[in-house]
Amino acid sequence: MSNTDTALELYRLMCEIRAFEEEGERLLRAGRLAGNLHLSLGQEAVAAGVCSALAATDHITTTHRGHGHCVAKGGDPERMFAELFGHADGYSKGRAGSMHIADPDSGILGATAIVGGSFGMAIGAAFGAQVLGTGAVAVAFFGEGASAEGTLHEALNLAALWKLPMVFCCENNQYAEMTHVREHISGSIRAIAAAHDLAAEEIDGNDAVAVREAADAAVARARAGEGPTLLECMTYRWSGHYVGDPESYRDPEEVAAGKAADPIALLGERLAAGGEGERLEEIREAANRRIAEAADRAAGGQPASPDLLLADVYAS
Amino acid sequence: MSNTDTALELYRLMCEIRAFEEEGERLLRAGRLAGNLHLSLGQEAVAAGVCSALAATDHITTTHRGHGHCVAKGGDPERMFAELFGHADGYSKGRAGSMHIADPDSGILGATAIVGGSFGMAIGAAFGAQVLGTGAVAVAFFGEGASAEGTLHEALNLAALWKLPMVFCCENNQYAEMTHVREHISGSIRAIAAAHDLAAEEIDGNDAVAVREAADAAVARARAGEGPTLLECMTYRWSGHYVGDPESYRDPEEVAAGKAADPIALLGERLAAGGEGERLEEIREAANRRIAEAADRAAGGQPASPDLLLADVYAS
Amino acid sequence: MKELKYWRAINEAMAEEMERDESVVLIGEDVGRPGGPYIATKGLYDRFGPTRVRDTPISESTLIGLATGGSMVGLRVIVEIMFLDFLTLAADQLVNHAAKVRSVSGGAFEVPMVMRTMCGAGKNTGPQHGQSLESWVAHIPGLKVVWPSNPADAKGLLKAAVRDPNPVVFIESLQLWASRGEVPEEETLVPIGAAAVPREGGDVTIVSWGGATPRALEAAEALDSRGVDAEVVDLRSLAPLDEETILGSVAKTGRLVVVHDAVRPFGGGAEIAALVAERRFDHLKAPVRRVTSQFAPVPFPPQLEDAYYPGTNDVVDACLASVGEAAAR
Amino acid sequence: MKELKYWRAINEAMAEEMERDESVVLIGEDVGRPGGPYIATKGLYDRFGPTRVRDTPISESTLIGLATGGSMVGLRVIVEIMFLDFLTLAADQLVNHAAKVRSVSGGAFEVPMVMRTMCGAGKNTGPQHGQSLESWVAHIPGLKVVWPSNPADAKGLLKAAVRDPNPVVFIESLQLWASRGEVPEEETLVPIGAAAVPREGGDVTIVSWGGATPRALEAAEALDSRGVDAEVVDLRSLAPLDEETILGSVAKTGRLVVVHDAVRPFGGGAEIAALVAERRFDHLKAPVRRVTSQFAPVPFPPQLEDAYYPGTNDVVDACLASVGEAAAR
């Protein structure tokens, strides 16, 4: 793919993620979804940049804020919405909700609602790839808040020791729930990784192309057996921790400044400057359409049936 | 205290630790102790250097290999032996054994048989000291193997964030059970601590004076509210992981080289060169005597009674 | 008496205990300036300051360690572990350390800490935020475990827990969060280890705790209109267990139905049923019955929750079946 | 038939399964070149090489994660967690992740892993290496839990566990480590979920598992000489539980005694007792009885272990009391 094609692809993915999150928010605010929803608005460049560097046979694990990663990795938005609705067509047959999207076909091992819970499964997939010689790479997405969990340390150490084909992708959006990173983390996450002898890098997480380039390099290293990389992607969480969060803990000015660095606008401007301006509108609209249609179709599905409550607890 | 007095004190402590461990080994091999015994032979300089820098009101937590720390911190060898024997006078009333020595009077919060389990209690004591303004410092002893547990990461981060009066003392004796550190830890432990913004330092863990100086500085920093320090003390485990370990996993030559760097001999030579030679024999004999008498008295105690099995489970 | 919401009762208990005793401190994720993820700690940071009310990193294991060590050296630490499910991240520090300190130190150290934690059962929190793991902690010597079912007990038990010299696991129900109830104006401690009998009756004993108790009480009301007089025993404490109240009630009614939101196998209801089958066998007129959730991960959507958790009707049915059962022997 | 020690049966099971299926791998602390802390993995590193047999750092939580993820992408990972007590460090990965993967993925992913772990009960391992936490794992939907009491079951259950498509917690008893028993020469799988009845009898049912089973059998022998004919049900699997065998036995004998090394409150015996009190109430001629360890941290010295754990005599006494009890109704 040419650089322009790649950039257009990133643009498309980001528009789909944004549309997904906005549609989710709309549905929740309209009272059509139960439970909590954690949006990745403003963080689209990380999901798009990293997942577009992967093949369908590569694996990711994600978090409570994982819709973007799943959309970018090739998850089906209709089945994702179905899961949000608690409908039978959902990835979890409507049983588990928005924080539990898993799909072998697109390489999504799963999301988790346990902060810091995603490293284990990812490192296991990387271990599996290494033993089986499949050449697959595993990526663990996590927030800067999750970096305080001991699970990160254990996974960094093991991945480095065994040179696992693994990318640790930290989305540093500066907040963990209602608390700023400066109250959570002493030292930088990339420095901690570097001390464990991983390749580690700080990236402008609002620049999809920069993320993509770093991801390409990290994935190449992993595939070549050269070991794991940690990417610390600096970004900002536009929305509250969850939809409906009163957000009394942060300054509206800070939020406005965060939103000014809109990854979609940023890439859009760059593409426009490169003469691709007229395609953007079309891409955006196609993305919105695709997502809206997916949501509509999902809305029309069957609610998960209590008959399936006990299904899939055990394999036989 | 003059430098010489300090050195003599370190010498005495190391002799007592050595005597304690040798007596424990003798008793176990004679079939007089149940369970496992993990000796700190060869690591005496770390326990002596660090604990002698502390006041009785300062706290330590220790590990499965903790006799040395307890002796150096002022634990009563008789009550320690009583615990090894399972006798009623033991620190745990004979219920819990060699891996569970705790004593408020000498500031020993407790040992733990859970690798990586000692950070929590220590960091809690440092937190307590900070809140209550007692000026006390807490030290967590741990092995380099324990550094692979996530608990270290969490504790380093929290201690640094809150500037807790805390010293992390890693005894890097190169082995965790039967596995060498190079198969356990990627990167160095002090580098990991430094990445968390702790003061961190490598120390010759066989040089009691060097350990003491580093500990003095770390304790002073902690007391002054300047935050935690990690000391990585390089040493060697002379004995097997436990008494009776066949040790097929390491080279007798390596062991011989390790034993050549005997911390007691090292300090003894230095003291002798400084003209203190004739006092050493006396100190050694006094230490041996003190420990032998403690073991004897403990041996004559009453076995823990089943009546006390249910005592102390709850406070009322 | 005054009316308070469940969460507010918890909040008041902490405020009063912190006011009363300077050694009481509060730590947890977002408990400080933000006032807690579910506002349970609202106002405490402003009132007691950053030394005694601390936001922490997301490090559950170390939070329990902080509470343990801090409580050994003179503090009384209230540590909030956001959800009961996250006990799984801190279990070593709680079970292998906090619970055992007193015994392994020969009684020399005490650990007067409280681990406050939320059970999300019934509120669409899904498989990792809705688990009822009370039987795990109640199985561990050295821990006390309480779970209030109403605002008055929430306040009185939390105050008692703060003053207790042992590590207490204090479970709160998200499903009761906004429920209201009368709470005494004057200072009132609810003793740990004493069950309540919010409804007396002679035909069947319903034992429940926490979020399930309101359903047990509703069931008792419904049974009343069908001529069955149910007694409800609200455990309040799972450890220590108030065996005498349970056994006394069954001695009177001869019938036992246990209701809980945890899954059935190896859940808390097994202990109650076993106890009665051991010690009130001669009084039992019918098989014991357990009314529980289904043996599956906690589902997220409302219609599945309805099917998953034991409802009032399920309790009514179990009691009717119990009463209908002829004494076979 | 050939005679094998318990540990050797475990070792053979792994060797045979690794030979049979290349996707079977083994990870854990010291399991590689050193052959395992208790030599269970002796020879496997030499035979299957460093790719499939790996020494790991001391990171229990991540070991379970490795096993989970690896087993989702095509491996069958046997992960050794040195002691059952250390489950407390890995509980999140096991309970919130491994156990739930299949359900939350809508059945799309399977986790064919085995967590092998040692229970140190009865061998002077003290309060943090001797806990019997089987009721914790048996309470979790999605996990299977087995605990062999003899070499033949150890071998056959481990082979079955490796082939099972679900996460299986495989508990091994240090107190049985060197015990010998007959093991079939030919390949034999012991089905998970099926109890054994190593001794039939008509007067009283003794249910036990793991390390307690030999004491149950000894007690049955001792009872025989006193004219009491005890049936011993060795569960082998705690999850799924072989309810039919338990209930069938009690239907015959009318009496139940459960024996285990875990503490009583909220322990495994409660589930067995509750099950019987629910479903064989009409057959019961006497109160159910549980014979368990004391409600205290596991003690270290031999004389306290003797007092702490249920001994053969305690089982005999409980059975005699049960048989002596008149059917009250």
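Letters A, B, C and D name the chains as they come in the text, with residue numbers starting at 1 for each one.
As a convention for this text, a residue touches a chain if its C-beta (ideal position, glycine included) is under 8 Å from a C-beta of that chain, and two chains touch if they have at least 3 such contacts.
All values reported here derive from a predicted model rather than from experimental measurement.
Colleague: Count the touching C-beta pairs: is A-C or A-D ahead?
Modeller: A-D
Colleague: Based on CA centres, what chain would you say lies at the far end from subunit C?
Modeller: B
Colleague: Suppose each chain is reduced to the average of its Cα coordinates; what separation in Å results between subunit A and subunit B?
Modeller: 45
Colleague: Measuring centre to centre with CA averages, how many angstrom lie between subunit B and subunit D?
Modeller: 36
Colleague: Could you give the separation in Å between the centres of subunit A and subunit D, each centre being the mean of its C-alpha atoms?
Modeller: One centre to the other, that is 40 Å.
Colleague: If I count partner chains per residue in subunit C, which residues reach a count of at least 2?
Modeller: If we look for residues of subunit C contacting two or more partner chains, we find 57, 59, 61-62, 85-86, 89, 92, 96, 103-104, 127-128, 141-142, 295-297.
Colleague: Two or more other chains touching the same residue: where does that happen in subunit B?
Modeller: 95-96, 100, 112, 114, 117, 148-151, 154, 157-158, 161, 183-185, 313
Colleague: What topology does the chain touch graph have (line, ring, star, complete, other)?
Modeller: complete
Colleague: So in the complex, the part of subunit D that touches subunit A is made up of which residues?
Modeller: 23, 25, 51-52, 54, 56-57, 59, 61-62, 64-75, 77, 92-93, 96-97, 101-110, 112, 141-142, 144, 165-166
Colleague: Quick check on the complex: what are the subunit A residues that touch subunit D?
Modeller: Touch residues, subunit A against subunit D: 59, 61, 90-93, 95-96, 100, 102-104, 109-110, 112, 114, 117, 119-132, 134, 136, 138, 150-151, 154-155, 157-158, 161-162, 311-316.
Colleague: Per the contact definition, I'd like the list of subunit C residues that touch subunit A in the complex.
Modeller: Against subunit A, subunit C makes touches at 29-30, 33-34, 37, 55, 57-62, 85-86, 89, 124-129, 294-297, 299-304, 306-308.
Colleague: Which part of subunit D faces subunit C closely enough to touch in the complex?
Modeller: Interface residues on subunit D, with respect to subunit C: 85-89, 91-92, 94-96, 99-100, 103-104, 127-128, 131, 133, 135-136, 138-139, 141-142, 238-239, 241, 262-263, 265-271, 273-279, 281-282, 284, 286-290, 295-297, 327-329.
Colleague: What does subunit A use to touch subunit B in their complex?
Modeller: Within the complex, subunit A touches subunit B at residues 148-154, 156-158, 160-161, 183-188, 191-192, 194-198.
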